[in-house]
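Each of the two complexes below includes chain A, the first together with chain B, the second together with chain C.
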Partner chain A sequence: MNAEYVLKRFLLFLAVIVVAVSINFIIPRLRDTNPIKERLYQLAAQGGVNVGKMEEMIEVWEKKFGLDQPLWKQYINYWNDVIRLDFGKTIADFTPVINEIMRSAPWTIGMLSVATVIAFVVGTVFGALLAWPKTGNFVKIFVPFLMTLSAIPYYLLGIVMIYTFAIYWPILPTSGAYGFGVRPEWSIEMVLSVISHAIMPAGSIVLTSIGFWGLGMRGMMITTMGEDYMKFAEYKGLKENRIFLSYGVRNAMLPQVTGLAISLGTILAGSVLVEVIFAYPGLGNLLYTAISSNDYFLMQGIMIFVIVSLGFALFVVDLLYPLIDPRINLQEQQS
Partner chain B sequence: MKALKLINDNRMLTAGIITLIFVIFFGVIGSWFVDRERADVGAGRPAQPPSLDHWLGTDQQGRDVFADIVYGTPGTLKIGLIAAFVGVGVGTILGFISGYFGGYIDNFIRFISDVFMTIPVLMILIVLASLLDVMSNTMLGLLIAAFGWMGALRVTRAQVLTMRERAYIQVAKLNGVNDLEIIFKEMIPNLLPFIAASLVGASAGAVLASLGLSALGLGPQNEPSIGLTIFWVLHYGALIRELWWWFMPPIIVMVLLFIGLFMITAGLDRIANPRLRTKV
Partner chain C sequence: MTNFALSVENLKVYYHTSGGPVKAVEGVSFNLSKGEKLGLVGESGSGKSTIALALMRSHKPPAIIEEGSINLGQTNLLDLSEENMRKTRLSGISMIPQGAMNSLNPVARIRKQVVDALSDHSFKFKKAERETFLRELMESVELDPKVLNLFPHELSGGMKQRVCIAISISLKPQVIIADEPTSALDVIVQRQVIETLSKVQEELGAACVLIGHDMGLMAQFADKIGIMYAGKLVEIGSVNDIFKNPTHPYTRLLIESLPDTKGKRPLIGIPGLPPSLLNLAPGCSFCLRIEKENRKEIPWVEISKDHFIQKCDICSDYGKVKTKK
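And now, the complex of A and B:
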């Protein structure tokens, strides 16, 4: 790993942050509506505010939020807040945005990382078996089934699953992360409740992504089997299991592992739709709530948080590439 | 004869194209027989099960579900096609510039594309769509295209880089053929399969994104689309009320569309990577 490569990747990471913060700064200012005016008129409509003094009030509030300052100064102030992780407070109940984010992120990370790892393991084993000529035909029975599933959007599968397993044949809960009557503490009841609530959202993701991992592994495995060392292992009279696992799977799996690293790195941006459909209290659902209630601070906070952590995760993955798979030639990758 | 041989050799591609044509014709032919007004609010009594008058029943606001799907499918396809053609078009052009000229231009374009590849596209689309007040299907397509050009860029650039070194391009260059002529006469014809594969992939991605955005209620609300139908399904709790005639048809049509596109991609993949053809 050379310094130039690390520096390039780091610059990319910085650029992503700058773009993210700038977009977040610009977007609300692109709208011609004045959020303070909107909010005040809203309050006035509910009564209790003297409409005649409205202009004065707007000025006072604009000063309070620093909106009367020139644009470049606002931009610098905005950066200042972001660096201190001060994303403002939510409109709904004035809790700091960062607290809301920290409360939701573990749900997203927990559910999606488990789903991703399960799909990865099942898909990779499946793909390897598919490419292996001595595999029995029974494995191939699943191919059309899994290929079909992988073509279906996960949220549509989610809708079908809710109807099938929660309404038509009610064995699983429809929404939320744990049951209403369960106290959120470390107890067997709580753990079981969390698992039963995660089965459907995680299941919809697992089922629709097994095919993706399987196809990738199958392709790599076929390529690997054309290599000379596979022939050599066979002529040496090694046991088939050994050839399959230590020579075939082990070499074919490396690109899969980098794929897994990327998938795990991008988990936070994960699946807004699955969370909304299953009312799962993760970041995606929080973003949806923010949008529905026009909560700009919350929206901006989530966006910056997700973009920056994602950029950082991908930066780390980029640095790990050469360690995971020494065959990757950095120079080649760059050219 | 060549076409016949291709159909026989590549059943996956053929099956995919047939499925896709079926979905497209469903919208086109359906619109000859079904009045547009039936897809509007209040065309029938709300939430009625299928009957002779309403083949697939009606939704909570009295739209005829069959008419809604017939007019919604082309809407969704339109979003996908606009996004795919604009996105792949821009990506291909940038890929050519990047790969053919190299140097600083190449570095700059690749840097921008790397930034775009790192940001969470769907999340940004969700926020942008929520900030745009009035939206049409065309606008949504363009919005998705703005974030969907990087794949085509990568593919085109990689191909141009390898082609640039091939003998026939070098010969053309030495003969004094100008850049544009080389690009259009020598390179583009060889790139067509890759551009086609990019188009199919981008269409699937765009339909996926547009469905998601519309299902969240952030897409166009005044033109029928499948995503909008799904939004109403979720909004009125059609699942818990077991109104299967309302929520199953849009899902089935979309699943058919995605399977069709998937089979086309797999088929094109076999043309591009013949090694995968041998097994399974």
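And now, the complex of A and C:
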């Protein structure tokens, strides 16, 4: 890997973010309505008062929000805020949006990245085994059964799990990220509490996405097994395990890794429904609250956060890919 | 027992399909002494590659070896356990694959691909010894030892095929099978690769089975030529016998169909199509091609020393007049 490659990828990463953040700026302004006017008239109508000096009020508020300035200036101000991570304040209680995001993001990142990685590993291994002719019958019968779970939406499975493990056999907590009586600090009690709270939301995601990874891997593995290098590996008299892992899985995995990166990147958007169902205090839940209470600043902040994190995840994958597939770097040098 | 390096007796390989067995290899027998080179020639679907797979015991269902024996020295490969067969591959009998371009693992360096094969045959080297071994191996196929540190996509087609040859001979097998080793290469590289193969094979003293349909290449490389037709070996003899005195009608037509280098003449093909191997009737398959029929068992006849043909009473004179013309 050379510096030029890294630089190219980094510039691409920046470009993606600039475009995405700009779109985030443009879309609300494409509407020809005046948000402040709308809001004030709405308030006035609710209050049933006929306000005389409406125009003056609008002007004052516009000045306060910087909306009286020309569009290009607004754009610059907007970038100025984004760079300082100042996404404004939430409408609900005027805490800075960035604080809300920073409070929720760790829960989402923790729970969902573990769930995604588990689903990826298990699904990939099962998928590879399914394609391998010498796999035992147990896997060949059990795994397709497991894969039918991927046809069930994870939020439905979540509800079924709540019924089963929290109501029918009350062994797992239904909501939150840790128990009420536990103090959030580094202790065994806290760790156990966090794990037990994460089992169900993570479990519903793992169970429903194993099939996705498994089917993808199975297809890739079948294609790989038809390759000449697999035949030659057999002629070389290699051990079965080595052919399977170093020659088969190693090659069949490459597209899976891209898939993993994309899903790790989109994690921050959270699995909204799962977090809502399990009242998990993550980004998904925050986004849900923001949407349901029309909290534009919060929504916009979360969006930018998600865009940047997805772009960053892809950037990291771009850097890692030449290590996984040596052919990538070379093509870059030739072009 | 004999002291042939490889002796195949009455080998039958069938592909079992829902429509019945496809008799891809039907009673093939041949012997190879140490250092002897056999060229197996035949049109597509005549069972050449199936023989190669069966010799390596790498055939996959629905292919099944129905009958026969494959003797490597004194051991019948068909009696070996799966694990012993694995160990015999490469150390006793090795195969140079058909698709040179894609036969190397794209994500591993050449060194690892050679070392993998050594370590799975329980070869333990000290590091310095291993490097010497690898360097000599690469030099024996006329490659720069630096190639060891490269990935397959950094090599040309000819280099890749040389790496495959190097891997195939790394454990000094008694028998090397080369299934169209040059099919993906251009003519000049083909010749160089075949010369390399010839050289390393002679150094090893290994018997070699070269499969292909390039008669010119065969004439240059092989000592003996076997002609496959519809799953059967119809004629086998020394290169001289086959080219000077082709006796089976199919061989005759095959050799006639080669372009003449001395004067211009229209190219001649072989009339008809090979019969379907699915539920093939016993008897002479070549008769079916020229719309005749002979259901009798076709005997092996030695027409001169070490030159055998499957002699069918009905079709054996077919096309002979044309030859004389």
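In this text, the second predicted complex is superposed on the first by the 240 of 335 C-alpha atoms of A that agree within 3 Å, B and C clash if a C-alpha of one lies under 4 Å from a C-alpha of the other, contacts with A are read in each partner's own complex, and residues count from 1 in each chain.
The definition used in the following text is that a contact is a pair of C-beta atoms (placed from the backbone, for glycine too) under 8 Å apart; a residue touches a chain by one contact, two chains touch by 3 or more.
Model, not experiment: these values are computed from the prediction.
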- request: Name the contact category of A:Arg250: first (chain B only), second (chain C only), both, or neither.
  value: second
Message: Just checking: does A:Leu286 make contact with chain B only, chain C only, both, or neither of them? Give me first, second, both or neither.
response: neither
Task: Name the contact category of A:Lys239: first (chain B only), second (chain C only), both, or neither.
output: second
Message: By the touch definition at the top of the document, which applies to A:Ile205: first (chain B), second (chain C), both, or neither?
response: neither
- request: Tell me which partner A:Arg218 touches in the superposition: chain B (first), chain C (second), both or neither.
  value: first
Message: Applying the document's definition of touching, compare chain B and chain C: which contacts more of chain A?
response: B
- request: Give one of first, second, both or neither to describe whether A:Ile277 is in contact with chain B, with chain C, with both, or with none.
  value: first
Residue numbers on chain A that touch chain B, as the complex places them: 12-13, 15-16, 19-20, 23, 27-28, 30-31, 130-131, 133, 140, 143, 147-148, 150-153, 155-156, 159-160, 162-163, 167-168, 174, 218-219, 222-223, 226, 266, 268-269, 272-273, 276-277, 284, 287-288, 291, 299, 303, 306-307, 310-311, 314, 335
- request: Write out the stretch or stretches of chain C touching chain A in their complex.
  value: 56, 58, 86-91, 94-95, 97-99, 101-108, 116-117, 120-121, 151, 153-154, 164, 167-168
- prompt: chain C touches which residues of chain A in the complex?
  reply: 227-229, 231-240, 242, 246-247, 250-251, 254, 324-327, 330
Message: For the complex, give me every residue of chain B touching chain A.
response: 111, 114-115, 118-120, 122-124, 126-128, 130-131, 161, 208, 211-212, 215-216, 218, 230, 233-234, 239-240, 242, 244, 247, 251, 254-255, 258-259, 261-262, 266, 273, 275-276, 278-280
